[in-house]
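Please read the structure below before turning to the comments.
For clarity, chains are labelled A, B, C and D in written order, and residue numbers in each chain start from 1.
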Amino acid sequence: MTDYFMPSLIYFAAAAIVPFIAAPRLRATFMLAVPFAGFASFATMAYGTYAFMPFFDFNLKIFRLDGLSFIFGLIFSIAAFISIAFAWHIRDRLEQVSSLVYAGAAIGAVFAGDLITLFVFWEGTAIASALLIWARRTPGAIATTMRYFTFQIASGLLLFIGIVLFYRDTGSVAFQHMELDSLGTWLIFLAFGFKCAFPLMHNWLQDAYPAATPTGTVTLSAFTTKLAIYALARGFAGTEFLIYIGAAMSLFPVFFAAIENNLRRVLAYSLNNQLGFMVVGIGIGTPLALDGTVAHAFVHVIYKALLFMSVGAVIYRTGTAKVSDLGGLWKYMPWTMAFCIVGSLSISAFPLFSGFVAKSLILSATASSGHIWVWMALVVASVGVLEHAGIKIPYSMFFGHDRGWKVKEAPLPMLLIMGFAATLCVLIGVFPQTLYALLPYPVEYEPYTADHVITQLQMLFFAALAFALLIRFNIYPAEYRSINLDFDWVYRRFLPNVLRVVTHYVTVIWRVYARFADRRIERALMVIYRAHGPQGALARTWPTGSMVLWIAILLGITLGLAYL
Amino acid sequence: MNTYITKPVLIGLAVICATLVGADFLRDGHGYFSFENWPLIYCAIGFVVYGVLIILAKGLRVLIERPENYYGDLAIDSEPEPGMGPIAPEKSGVPHD
Amino acid sequence: MIPQAIISQLPILQVIVPLIAAPFCALLGGRNRAWALAFAVSLVTFAISAMLFASTLDGTVLSYQLGGWAPPIGIEYRVDALNAFVLLIVSGVGALTMLYARESVAYEIDERHHGLFYSAFVFCMTGLLGVTITGDAFNVFVFLEISSLSTYALVASGAKRDRRALTAAYNYLIMGTIGATFFVIGLGLLYMITGTLNMADLAHKLVEHGDSRTLRMGFAFIVVGFGLKLAMFPLHLWLPNAYTHAPSAVSAFVSATSTKVAVYLMLRFLFTVFGFSIPFEVDVLRTIVLPLALIGILAGSIVAVFQEDLKRLLAYSSISQIGYMLVGITLLTPGGLMASIIHLFNHAVAKAALFMVAGAYVMQAGTSTISDLRGVGRDMPFTTAAFVVGGLSLVGVPMTVGFISKWYLVQAALEQGWWPVAGLIVLSSLVAFAYVWRFVEAAYMYPTPDGVIRREAPLTMLIPMWIFAGSSIFFGLNASLTSAAASRAASGLIAASSLIWQ
Amino acid sequence: MPETLPEQVPNQLADLLIFIGGHYNYWMVIVLMMIGLYITISRGNLVKKIVGLNIFQTSVFMLYISMGKVAGGTAPIITGNPDEVYSNPLPHVLILTAIVVGISTTALALALVVRIREAFGTIEEDEILTIERDLEFPAQEASK
């Protein structure tokens, strides 16, 4: 059995058992143990390819462990632990099972040695995450799930077609570096792009994440996008094209986040922005850049989960995540505020916090490889990150207008896990070497140089000063209930209208054609029926004599043929 | 929105910024690009970029802002956000404005 | 573990055991005693054919000389990969149909005739097994007549339920006898030019003999004779009435075996005896048999779509399925042959299951017309489910053995470059789906007409049904079993014939 | 007829006559066979069809027997005289079996005809067909 083993089997096995555990407490603790078991199963293994599975005439490498997949396996296990712990109070079996399957599929995909296994788990994450959003069970959420699911399956389909073409061109399905030269690799690249929220394909992120349950969003935030980053890093490291995509990706969400009313959508935009950083890192492709991407992905999972958790806690207590309804909670939820601030400081790369040690890798890699404009874009983007995630999230939730909320602090399990995540962020910030040791390529980069710290602090505090002044002189965008259109307007409003018009004309034409064709088809069917129906020539019971006649005729023909 | 950005907060911020400007000469200036080594460049970047960014965002908002029920009832924005199960009982304050 | 003495006697035992047991069934009479003996005999014959099949797995050809006479003079029984496979199918279907027959016959045939019915049934099985196993050409005729005569009697025994069974049996008799007599004439002509009746010997002599008008006449008579026995398109007119009005157990057994044995005979004579040594034989196949087979496929399935009675629908579907086998033969390639042999197995299994289901409906619902069977899906869930599985295997849905045979057939046709034939095969599968769906729709989509109560079929009927339905899926999933046996048989035939392959 | 037949025509004619004369029994087989088939095809009466069938089968027996004839050989029944010339016994034996098969078929056919007579009241095929058609499509009959 061992040669079929892979870590995600533990998640799937647990997912199979969980529904049958009646006591909610017991079920939650059982689920909590799963990430540890998952990580332990591959923690001590040497790098190499372990499990093989024959599939038609392929021999699928379903468990490959190497530098890149180990660290992603680790961070996915941590993410699984965080999201499961945060969902401690959840009773809904669907959400629990789908989160386990989701984590398992993501880890399975990370360890996939070839494209087919990757595709299987790629689809697994799509299905499980859709169920996770669906678990909220409100009409809006279900509609959003359908859109989300279509996007994810579209990505899966592109991947599948890409693999088929890739196999036809190169004859191999191994999952390693691919050049963007053939249609197959382009389709695979696009498939990864879909799930990595490239510009114009990004809006499923902002559309679906706010639709999930607060605990569901925490799970969602970790796996799909980081899996896409891993896939891009594995497949297309060093592709020039990615640098400019990454720059674009890190820039445009900043503006949307600044004016967004729903905090979880702000965080979704921020997630999109952070992905931009990672994509730039992959695009540059130098060992330092790739390390930067991996490090950034690693820390991003933690602090993004922390931010989503703090917003989740606020939702849990107040029932809303809208800036227009929140404010003044610092008196009632001090711990959540503290953890939220730690998260915000980490994301805005404040020194002594995890973001600082990771993002600087990417920035210096970009600068050292001479992409001035891209570097400028990333600097603007990091200021933007400070704006919407560093300041807007904590400020609008805990300070801002006092809406008169008098709520209790978040329940203890939530606080504990948020504390764990916050300490993790601080630890990585203070001791970057722990993180650097895990990275795939050896790192000789020292984040804490005086120059770097000072410039970073200057930038952050002057931005904060600007914020304070904008608030003071009331220029800061006011918060009121509203939504902002994004690319999803195209397929939620524009295309349906176009479709409605087109179907109107098509039906008119079809009706004209139908009248004309009906008579013809009717007559043809009658002819067939007359020949084959129960009284038809072919089906009637013929007199014996005629049967024998047929025999004689056939014999005659064959004998006649004998004389030709 | 400005109940918390009182005068002492502003003064505090100004003091921090002043010290940072003071610390600027500590930088030994071996950034990758030439303009990185100009004095106070990062302070300027932080302040100016932030302001421009907010103004551009407000401009964008004018274009793409829509009422909450723009996508009809089948959208999460127009339906009440039930959070986790029943809205936490202790909530007594009602959001106004 | 079986003593060597018995193993060497297996070929003759295969035929003698049922032959001797048959009259005893008539003597025993009585309620279940005749059935019990018949069932026991069928199990024994199945065991024998299983042992035969096992011993021919490694390609050995068993030969048994009746009475110790050397082959060209004496009658020799030869068992190679092909007829071991057919033997297994015939005795397997026989055993399971016998188990099924207990309830079905008790309902359809009145008490006094049970003994005679079962003895005729066992005689029919003896005849079919004999035809398959014998290596002597004239012996084929004798066993063919044994099985045919008993089949006519069995079909006629359906008269208790519907008097049209008598005319059906009569027609079947006239056509069957003419077919057999054609075969004898052909055989006589062959004997005239070669002087021997042993098939293997005949093959050598014919190759030496080369082309002559008598050989062509012999070939023509034999092909038309077998064409009639396996209900090739214009000669199929006896089949619908025979299968419809025969008792259900009989139609299940006969539909699954007698036409298959005829196909086996066609294969045996075309490849082993004639071996396509003269171009005339290929021309006959390509200009007469192939078009007729294609028309048969289409016409059979289209007529089946319009049928009101379920058993008649299945009968017409048999005609079209036989067309597939003939197309497989006329392709004259290893792939084509393999396809028709696998289809032989698939059709035997699927059609037996379907006719058994029809028999269960006749017994429990008293009717087999589709409109009266509305909502039967709910009242008799297992039976109807077996119908669905058998129907899907008939249509050739993936995961069923039907898919494998159709797959090989289309592949062989495409290798040969016969695009229209491949297209037609796929088209007719669609039509096949139409007539399977017609009944499935009636069974599941419509509510049960009120006042009609139908109980689920008894277990002794369900087990054989589900063994057939299950095996059509089981062999669909791990296709290697049937395709290995089929490819062994096909290569054996090709090697025997003088067709040269690239 | 041209005034003088070319020299070689007569012996061609002669060969033809010999050929036809010599094989008169095969001609008999073919004639019988055609008669048998014709009766089965044309006659409506079921019993007459069986008669036609029998004639058809006897033609086959004739074919086999004439096949086995050895010039000057007597019937293949041992007469104890060692240097007796017999014609080939094998066809005779085959035809014995064929006769047995023929008789049993006729017996079964006649039994069927008796049962059909009881069930349908007639053994004329077209009457039986009309009865069967009424059985099968009673409703349509009225509606058509």
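Rule of thumb we're sticking to: contacts are C-beta pairs under 8 Å (C-beta built on N, C-alpha and C of every residue); 3 or more make two chains touch, one makes a residue touch a chain.
All values reported here derive from a predicted model rather than from experimental measurement.
A.B. asks: Going only between touching chains, how few steps reach chain D from chain C?
C.D. replies: The distance in steps between these two chains is 1.
A.B. asks: Sort out for me whether A-C or A-B is joined by the greater number of C-beta contact pairs.
C.D. replies: Spelling it out, more C-beta pairs touch across A-B than across the other pair.
A.B. asks: Among the chains, which one keeps its Cα centre farthest from the Cα centre of chain C?
C.D. replies: Greatest centre separation from chain C goes to chain B.
A.B. asks: If you average the Cα atoms of chain B and of chain D to get two centres, how far apart are those centres in Å?
C.D. replies: 108
A.B. asks: Taking the mean of the CA coordinates per chain, how far is chain A from chain B in Å?
C.D. replies: Distance between chain centres, rounded to whole Å: 26 Å.
A.B. asks: Between chain A and chain C, what is the separation of their C-alpha centroids in Å?
C.D. replies: About 57 Å separates the centre of chain A from that of chain C.
A.B. asks: Based only on mean CA positions, could you tell me how far chain A sits from chain D in angstrom?
C.D. replies: The separation of the two C-alpha centroids amounts to 84 Å.
A.B. asks: Mind pulling the chain C residues that touch 2 or more other chains?
C.D. replies: 167, 170, 174, 178
A.B. asks: At which residue positions does chain A touch at least two other chains?
C.D. replies: In chain A, the residues touching two or more other chains are 534, 541, 544, 546, 548.
A.B. asks: Strictly by the criterion at the top, what is the full list of touching chain pairs?
C.D. replies: Applying the touch criterion to every chain pair yields A-B, A-C, A-D, C-D.
A.B. asks: For a test of understanding, state which residues of chain A touch chain D in their complex under the given definition.
C.D. replies: 534-535, 541, 543-546, 548-549, 552
A.B. asks: Taking the touch rule as given, give the residues of chain D at its contact with chain A in the complex, in rising order.
C.D. replies: Against chain A, chain D makes touches at 37, 40-44, 49, 125-126, 129, 132, 136-137, 140.
A.B. asks: Considering the complex alone, what residue numbers of chain C touch chain A?
C.D. replies: 167, 170-171, 174-175, 178-179, 182, 213, 216-217, 220-221, 223-224, 227-228, 234-235, 237-238, 240-241, 280, 283-284, 287-288, 299, 302-303, 305-308, 316
A.B. asks: Tell me, which parts of chain A touch chain C in their complex?
C.D. replies: 528-529, 532-534, 536, 538-539, 541-542, 544, 546-548, 550-551, 553-555, 557-559, 561-562, 564
A.B. asks: Of all residues in chain A, which touch chain B in the complex?
C.D. replies: Within the complex, chain A contacts chain B at residues 89, 138-141, 143-144, 210-211, 213-215, 254-256, 258-259, 262, 315-322, 324-326, 328, 364, 367-368, 372, 375, 379-380, 383-384, 386-387, 395, 399-408, 450-451, 454-472, 474-486, 492-493.
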